[in-house]
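Order of writing sets the labels: A, B and C. Residues in every chain begin at 1.
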């Protein structure tokens, strides 16, 4: 790389950073979603907390203020109000953005290892420990 | 000038660390007294060089030297001075310089305090620490040099520190957190030296204990501050997201907690040496792994550093060398350390070991959940593992752990006769459950998890006080009772009470907090959980480096005005970023939290507003304070001091 | 005997460690922000959306049948779209390919201004004002580009600017493949 390349790159990077910064809004977003039924509101809050904003680093829809999150939240809001079930809403999202959008991984065969792994580990750890104990136990009561 | 000087000092520190990794170690094996004794002076030079280098960077921020790339990218002439200071560690390069500085701080502490260690071990420990420091500093010099210049085309002004980080929390959170992360390097170095010498005895455990406790306490407080910062600064009212960066700090914490308990067994009973060694090695390895995960961008995290594969590969190679050699050393050397199993099921030994099994399982759960998306990616699947997963799995080992914690401290080493304990334990359990039932009834809604969490909290808390009482039963006065307790006992009780305060806080705030997104106009009032929030006034502010719109909410309860909350929407001038600044009234039983959304009409008098009533929020961090301070008390126990004042080599002979 | 089992254990532990390090090494360089499309080898969603330049004329999924389409998601607020747009002039010369634009989450005046200033190389443009069609396509950021075959099935999705490199190395071979009937 020669000098002008470096400079060009620097300018380009600088421009991109500027444009990105101009469009970023780091603050938490709050739009209002009115519910008459507190149960629906609770479901809405739970769903938006369990759905991941597809374009953010690692944020759920509730906390994110990207435009896409706002759109998706609006969709969740409408669907909750229209009486769709949680499962329907989650599968709507999954069809479009894949399992990536689900912060709560589905309990199914392909995720069996994920869900069972820690429990198997815990059980094995306890079993091995107790077996080791009973095998190596030496009685030297005084 | 200062930039070059700072850079030279880094190079000097690098050379010193290389010498420190080689000379004393070589000397200790060849019997060269002179080389062996270089450990201390080299450590001192290393520390001084880094400190001076760090001051150079601070100075560069102070005078707004935008010819330095790092300063230009993370500061601004409008930035208030206190934030110019904390901006030094506001991003990758500077924070890593701080990291290395803290590493050298631990090293000099070992060099000064550990004078009474056997001369050879002393030099070897410092030498091992030197090797680790050498890796860190070469990472800094070769991939992340904070003193790099932007010459010849330097900007007139800097692009500013991320507004999220312009905050008191950032001034203290990273230093404490890093003290925890890096502090485990000390127990790592002790373990490695012990393995090299092949003679890891209970004396070694006693030497390691205060260092481990110190690092653990710093990490505890560091994590707590991070959680608190996220809560008030991000405006989401959340305090733990199970984000990879949080998990990265939680992993060494969990493993370090296991280590502290295992060290107690090895110290008191001279057993489980292999296990304790393994934990010493893995705790610091997890610190390194966390560093790698966060700084390489392998995992996407809310607060990730800029992703640079070069850096990631460098840390990975460093990690592979450090962890790999520790692993090899452990596999080939630890076989000599044999353990005698001579305790009953009902004994302190057993309960401490179960604590270890459970903490290791908890560590595994967090590690597994954090890395699972990467595992899935290797198999071509893109997925997320988030808070709901951890919230479902993590409590499993924790419930068992807290149940055992109510009994463990009461037991004797080796064996215990249950008959004396049966009655008091049963009454404690009954009282705990009864009180929890009463409190859930008082709180209104019933949740099983709240009942379980509160019962466990009370179970441990009452049992802790019972334990204190039992230990001091022969003393009549309170002063006498207090005097008869060792610092270890006070520290331990404080930490145990702390962890259940946190537990109670977690369950209560998770289940009884209320959140509302509202549309409000000036003059309008809304009621939430018995509080009336009246939107009184909208006002524009102009501060040093931002403009803000401030909305005043008057909070009433039973018609009486309690106080005002003034959340802001800020516009930071240099970075052109918009930020929400929540306002919080913190209370012992609840926090009132108001954050502004967006202005909903052109007059600026109508806003979307998010209001939280967070039950028992403070308890989560209050408990962590108890834990951290408990640690700081325990590390000053006479038990460790005695050891130092005696002739150390004599102790080795005794053991 | 015990020595031997220890050796085996040690070798397994070391090999596992090495495997983990290698796996991490491979993962380090990868872009974590790219999401795979859920529509690959599936038909595009059903929709009815107004044409950006011909108000009153509605387009549907049927308009994608019988030809190979490159659907580009763009917006006037998207910085990279300005970088990408000049390339379409070149790619439009490819007679095998119909370029279609999807104006995503934009306002009409701004979108029209964008096309007026940057040129319009698309056969037609969908006007997805509120972003609903984008969501049906699984769009998470502009620019994105879909290659849709004659049967209306999505064959490929690219996130980010379609540079000549992407075009020559990925899209052209794919078009050849589709033409051959795969």
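Basically, a contact is a pair of C-beta atoms (placed from the backbone, for glycine too) under 8 Å apart; a residue touches a chain by one contact, two chains touch by 3 or more.
Remember, it's a predicted structure, so these values are computed and weren't measured experimentally.
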| item | value |
| --- | --- |
| Chain pair with more C-beta contacts, A-B versus A-C | A-B |
| Maximum centroid distance from subunit B, chain identifier (CA atoms) | C |
| Subunit B and subunit C, separation of their C-alpha mean positions in angstrom | 42 |
| Rounded Å distance, subunit A centre to subunit B centre (Cα mean) | 23 |
| Numbers and ranges of subunit B residues touching at least 2 other chains | 300, 382 |
| Residue list for subunit C, restricted to those that touch at least two other chains | 33, 35-36 |
| Residues of subunit A engaged with two or more neighbouring chains | 98, 100 |
| Sites on subunit C touched by subunit B in the complex | 6, 10, 13-14, 17, 21, 23-30, 32-33, 35-36 |
| In the complex with subunit C, residue positions of subunit A that touch it | 16, 19-20, 23, 54-55, 67-68, 71-72, 75, 94-98, 100 |
| List of subunit A residues in touch with subunit B within their complex | 7, 10, 17, 21-22, 24-34, 45, 49-50, 52, 57-60, 62-63, 98-105, 110, 114-115, 117-119, 121-122, 125-126, 129, 133, 136-141 |
| Complex contacts: residues of subunit C adjacent to subunit A | 33, 35-36, 38, 77, 79, 105, 130-132, 135-138, 140-141 |
| Sites on subunit B touched by subunit C in the complex | 292, 296-300, 307, 309, 312-313, 316, 319-320, 323-324, 327-328, 331-332, 335, 374, 377-378, 382 |
